[in-house]
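Single-structure report; data block below.
We just call them A, B, C and D in the order they show up, numbering each chain from 1.
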Amino acid sequence: MGSTFGHLFRITTWGESHGGAVGVTVDGCPPNLDLSEADIQAELDRRRPGQSRVTTQRREADACEILSGVFEGKTLGSPILILVWNTDAKSEHYVPFRHIYRPSHADYAYDAKYGIRNWQGGGRASARETVGRVAAGAIAKKILRERFGTEIIGYVKQIHKLYADVDTDRVTQAQVEANIVRCPDAQCAEEMIAQIDWARRQGDSLGGVVELVARNVPVGLGDPVFDKLEADLAKAVMSLPASKGFEIGSGFAGTTLTGSEHNDPYEMRDGQVHTRTNNSGGIQGGISIGEPLVLRVAFKPTATINKTQETVTDQGEPTTLAAKGRHDPCVLPRAVPMVEAMVALVLADHYLRQQAQCLQ
Amino acid sequence: MGSTFGHLFRITTWGESHGGAVGVTVDGCPPNLDLSEADIQAELDRRRPGQSRVTTQRREADACEILSGVFEGKTLGSPILILVWNTDAKSEHYVPFRHIYRPSHADYAYDAKYGIRNWQGGGRASARETVGRVAAGAIAKKILRERFGTEIIGYVKQIHKLYADVDTDRVTQAQVEANIVRCPDAQCAEEMIAQIDWARRQGDSLGGVVELVARNVPVGLGDPVFDKLEADLAKAVMSLPASKGFEIGSGFAGTTLTGSEHNDPYEMRDGQVHTRTNNSGGIQGGISIGEPLVLRVAFKPTATINKTQETVTDQGEPTTLAAKGRHDPCVLPRAVPMVEAMVALVLADHYLRQQAQCLQ
Amino acid sequence: MGSTFGHLFRITTWGESHGGAVGVTVDGCPPNLDLSEADIQAELDRRRPGQSRVTTQRREADACEILSGVFEGKTLGSPILILVWNTDAKSEHYVPFRHIYRPSHADYAYDAKYGIRNWQGGGRASARETVGRVAAGAIAKKILRERFGTEIIGYVKQIHKLYADVDTDRVTQAQVEANIVRCPDAQCAEEMIAQIDWARRQGDSLGGVVELVARNVPVGLGDPVFDKLEADLAKAVMSLPASKGFEIGSGFAGTTLTGSEHNDPYEMRDGQVHTRTNNSGGIQGGISIGEPLVLRVAFKPTATINKTQETVTDQGEPTTLAAKGRHDPCVLPRAVPMVEAMVALVLADHYLRQQAQCLQ
Amino acid sequence: MGSTFGHLFRITTWGESHGGAVGVTVDGCPPNLDLSEADIQAELDRRRPGQSRVTTQRREADACEILSGVFEGKTLGSPILILVWNTDAKSEHYVPFRHIYRPSHADYAYDAKYGIRNWQGGGRASARETVGRVAAGAIAKKILRERFGTEIIGYVKQIHKLYADVDTDRVTQAQVEANIVRCPDAQCAEEMIAQIDWARRQGDSLGGVVELVARNVPVGLGDPVFDKLEADLAKAVMSLPASKGFEIGSGFAGTTLTGSEHNDPYEMRDGQVHTRTNNSGGIQGGISIGEPLVLRVAFKPTATINKTQETVTDQGEPTTLAAKGRHDPCVLPRAVPMVEAMVALVLADHYLRQQAQCLQ
């Protein structure tokens, strides 16, 4: 059941990296929403491999097709099936690793759990699975934007030891998309790109942090006690490949403050309750309070590298692995739309849940 | 639906801080497990308020009663209802705040979402809700311990700016329980206790980090792609009151490594595949691989403080709040059994899920 | 997970017939609903054993307590825990059957599935479990009545070979409650009572049919394709003990009509689309259309009888069983509030789901 | 969320009658099962329109493609996407009814609920949606057959006023498939075919009953109390288009027996507990006991007829409807594989659930 996410805005992704196709089924999208493939393609293009020199060079157009749930340009309220064919799956690249466990990949884990794995391109554990998430997230984003004017802006906050300077209150999507590394701090972005180029030449890879701010999030999203908004956000982003950490608002740094330093005083602004500071990250008691959501996600350096590594075969024999060919030296730029999609999916789901909870 | 957690080992907590009682319904516990109230009480005693001078001074015996699901000392496979009566709920303490939003508490959020709140003691947002989690977690722990010898050891890793030195491979439960702050680094523990005493005298509060190691976790737990083990763990602990961050294995620190530094080489030990290092934190591709799980949870400083704070009333009038009386200067020592419970619940649920997935 | 019902208005019942207590946790009840124990007690009194000479003579006051989720007379939006203590559980009655499988009871099935059973009073398989359903159903009924004026009227349509004559358009709750057998056809009711008295004297039992009409059901409830309203209603009532069949609208009898006879022509009445006939039973395409819901549920004769029966022991030895003492010669009168409760739970759940599905 | 069925063996169907394609996503299928498109095609061919003169004449090859979840002929444990393109969708046939509500179809209900509908071919309410169910059911059947030798045999028991004579203990799949009406009583089958031919010439349609027997069902399937096996079976088949009633074992007829007549005595056979009679229909206390499951499903006469009918337009104007062209005079022969598929899906899901419930 692990391929389904959400309760009322519910998606099921399917597809292996080197199977026939990948995609998603979206069940629970409200009817009468204008929706076309172009709405979805725009987000897929931000996730697409080969979009710039800092990403993997697999060449997939990732052109999506909507096979159900939309009629004469509008959603029907029935499941929306979105499909993307795999066209550049070079399975022969993976033949040498057929019986070798690539370190910090899912190869061993899948074999141990299932007794079988698709050894071509990582199968289901490949980042290619996120095609379906980003496609579904595009619909969620559209709902939130049209209904509430919600802006969901992710960006690269850190790569390796380079930290960008970003004002969460002012950052814009345009600033993010102004460079191929998706870092709104233009100067830091240049350094990041150089760093990624260096890593690629070394056959090595880099990790980092994606930060995300969501503005105009409606008040009242999130369900105490287990489905707190931050809990569902944490699960959402920690389900992305390579993520190792999550924090909301003040996060880990906030643990060194005292309560009197950390508490966000309330005040009235424009006739509305607001907090003066935002250590809460837009959520209190598990419920959105109308302040911007601010969260961060840590991504480890990509496991695929071209340096020689020690490992074992699926028969338990020690061996070494020296991969060749294209690899993704840094997933961060492409992780930005993935994180945005997951956040949008959580918010859309909780928006529908919130509607259900009041007698109207 | 936010009060239910888990798919196959499924719990529903219920109860407000100052209602008649709090408790939990556990559905999906396998039959024929030896279970008595003593098994549960042992864990509740670790969570109990008033257990030492570093916690809240609310005095609750928290004696549990099992009202269903157990017969002649064994589980029946039917829902287990565990109930704890509220006995020291001093609602009069809360009368002055009836119409005042306490900063960084859930008061405003609940009013905004529900249009009503139990203003006595935080109602459902109170840490008292975790009684049910810890009670259910005691059952999950017992299942894992009896079946796999799984050890789940949480401890205080950091309070405010004090960082303990703990070896995750060697730390024992006895070391953790050797002092009232539940920090296995005895020297650091003393400093932490002094720091908490200081905060209490100031009417202020402190945050920190709970670290947890789980050993003898069976291989194969966790479901790609959304129900990855780390995703469910993240949700579990981020649903605890006051948690602000989660990381697994190398976490945020790992983002500054390169892939060749971060990847965990495989090797054979005792005829079994193992990793030489454990940056993965025991999970690869969302699935446990038999190495120890290592995770950390950030808790903000407790929102209840006795210092004067600026805020607004539920009518939108600016006011100040100067609470008096008992407060919990640091939730960390009591957060340890809460984190352990949530981790145990996730593992038990995935253990049952794993059993379901293979044709036997 | 089998003890939970509903998606958004979600209940979990717990408790064995002879454990300490039985009850229910209701998660998802909207906030700000006026609710007291009296609302629930009224329905429990209709389900209560010993209420008349035609039911089981177990004497339970079935006085309910609300332990959470209600504050100052209103629901909070948090889980509502309702508890009823077992007071007349005479376990000694069951000692002779401890090792004997009572025919057409759940004894053997539970042993085969769980390897353990509470042999006192049927444990979880007892009709006593329905206390929680009826309590939760009382809340669902109240929501529907207050919001839509929905009337849910169940009654005994048939007992053994006696068939009542009831006009589904005109039958009232008062007519149903006018006699102890809950049959609105007064003359047939007398015959039914005599028949039950006869069965009791024989130490035998009788089955029958409960019919239910629900008026003022809002249009649009039910989700294609698997959660069609009739599908969820079927599951709801087929989960009641002793139910063997379900039909909606024309049901089995409708299979002998042709399409031109069976189709319900549309017409306008009061500016609203209506059907002239109601073979559909108020549902088309799985969705309520505003016509009265009409459904029927078959209940087998109660399995507990005092006649001598052939059976086997839990060691596989042939034996005979000759029970003594109180037995319930006909569950039908008490099944009426059970069926009503289940229907109300389905409607309330789909009402909340319907609210979630539209962009508002 | 209504397009998903099952908890552990979980399917989501998608697709409209006249959209691009229809299909299903199967999540939770165990790994290492041999599976090819041929396994699925065999069942789809039994459901296919145009397979004989007694069904609808829409001509669809219904050739399926597996796009994910299978690798080198074996299941991976990841979601299986099965797709069937729509090729004979003649939308022009539906243009005249674009604004007319066809009696006892879902047109009005969908408009009332969603404010939009795909008026081409019934959209999501079309029996074409069951392609996905039958495809997924083929996998469930295969699992049960290979693991337990489970035989699931459905057949036409009644059409209009013609009742077949079938021995549930002896009926074979070959007898069922020996004629185009899928009635194992060869003589009755001929009369049924003649009756359907008559109805087609009249432009009218017929209803009937599908009966199903499942042999070699493992003991212990079904979860008290809401997910009783008969409850889940009832929901499963009542979610099929045109179904109006369900009964298990003695069903409605059993209500006229006394308890002493109805109870199934236990006896030992081959060292195993069995019942001498099977009024229980293979289920007691909601749990399978190893006897054959026997159930029946009532299907109303198909709503599409060619006779003139009174109705209203979507603007509330009275009008008449006189459809022309192909229609399905009797859905019963094609309903057989649909009922079988739904039963198989319930059994496979409960088989996986049962595996999860025991400490192994």
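Here, contacts are C-beta pairs under 8 Å (C-beta built on N, C-alpha and C of every residue); 3 or more make two chains touch, one makes a residue touch a chain.
Since we're looking at a predicted model, the values are computed, not measured.
Taking each chain's centre as the mean of its CA atoms, which one is most distant from chain A?
So the farthest one, by centre of C-alpha atoms, is C.
Could you let me know which interface, C-D or B-D, is made of more C-beta pairs in contact?
C-D
For chain C and chain D, what's the span in angstrom between their mean Cα positions?
26
Measuring from the mean C-alpha position of chain B to the mean C-alpha position of chain C, what distance in angstrom results?
Here the centre of chain C sits 39 Å away from the centre of chain B.
Approximately how many whole Å separate the CA-defined centres of chain B and chain D?
46
Hunt down the residues of chain A that sit against at least two other chains at once, touch-wise.
1-4, 7-8, 13, 28, 31-32, 77-78, 113, 115, 124, 224, 353, 358
Within the complex, which stretch of chain A touches chain D?
Listed in rising order, the residues are 1-4, 7-8, 10, 12-16, 19-23, 25, 27-28, 31-32, 65-69, 71, 74-81, 83, 113-118, 120, 123-124.
Please output the residues of chain B touching chain D within their complex, sorted ascending.
Contacts found on chain B: 7-8, 28, 30-33, 77-78, 143, 147, 224, 352-353, 355-360.
Using the touch rule from the top, collect the residues of chain B that touch chain A in their complex.
1-5, 7, 13, 101, 103-110, 112-113, 115, 124-125, 129, 158, 160-161, 199, 202, 204-209, 219-220, 222-228, 230-236, 238-239, 243-252, 254-268, 271, 273, 275-276, 279-281, 283-290, 298-305, 307, 309-312, 316, 318, 353-354, 357-358
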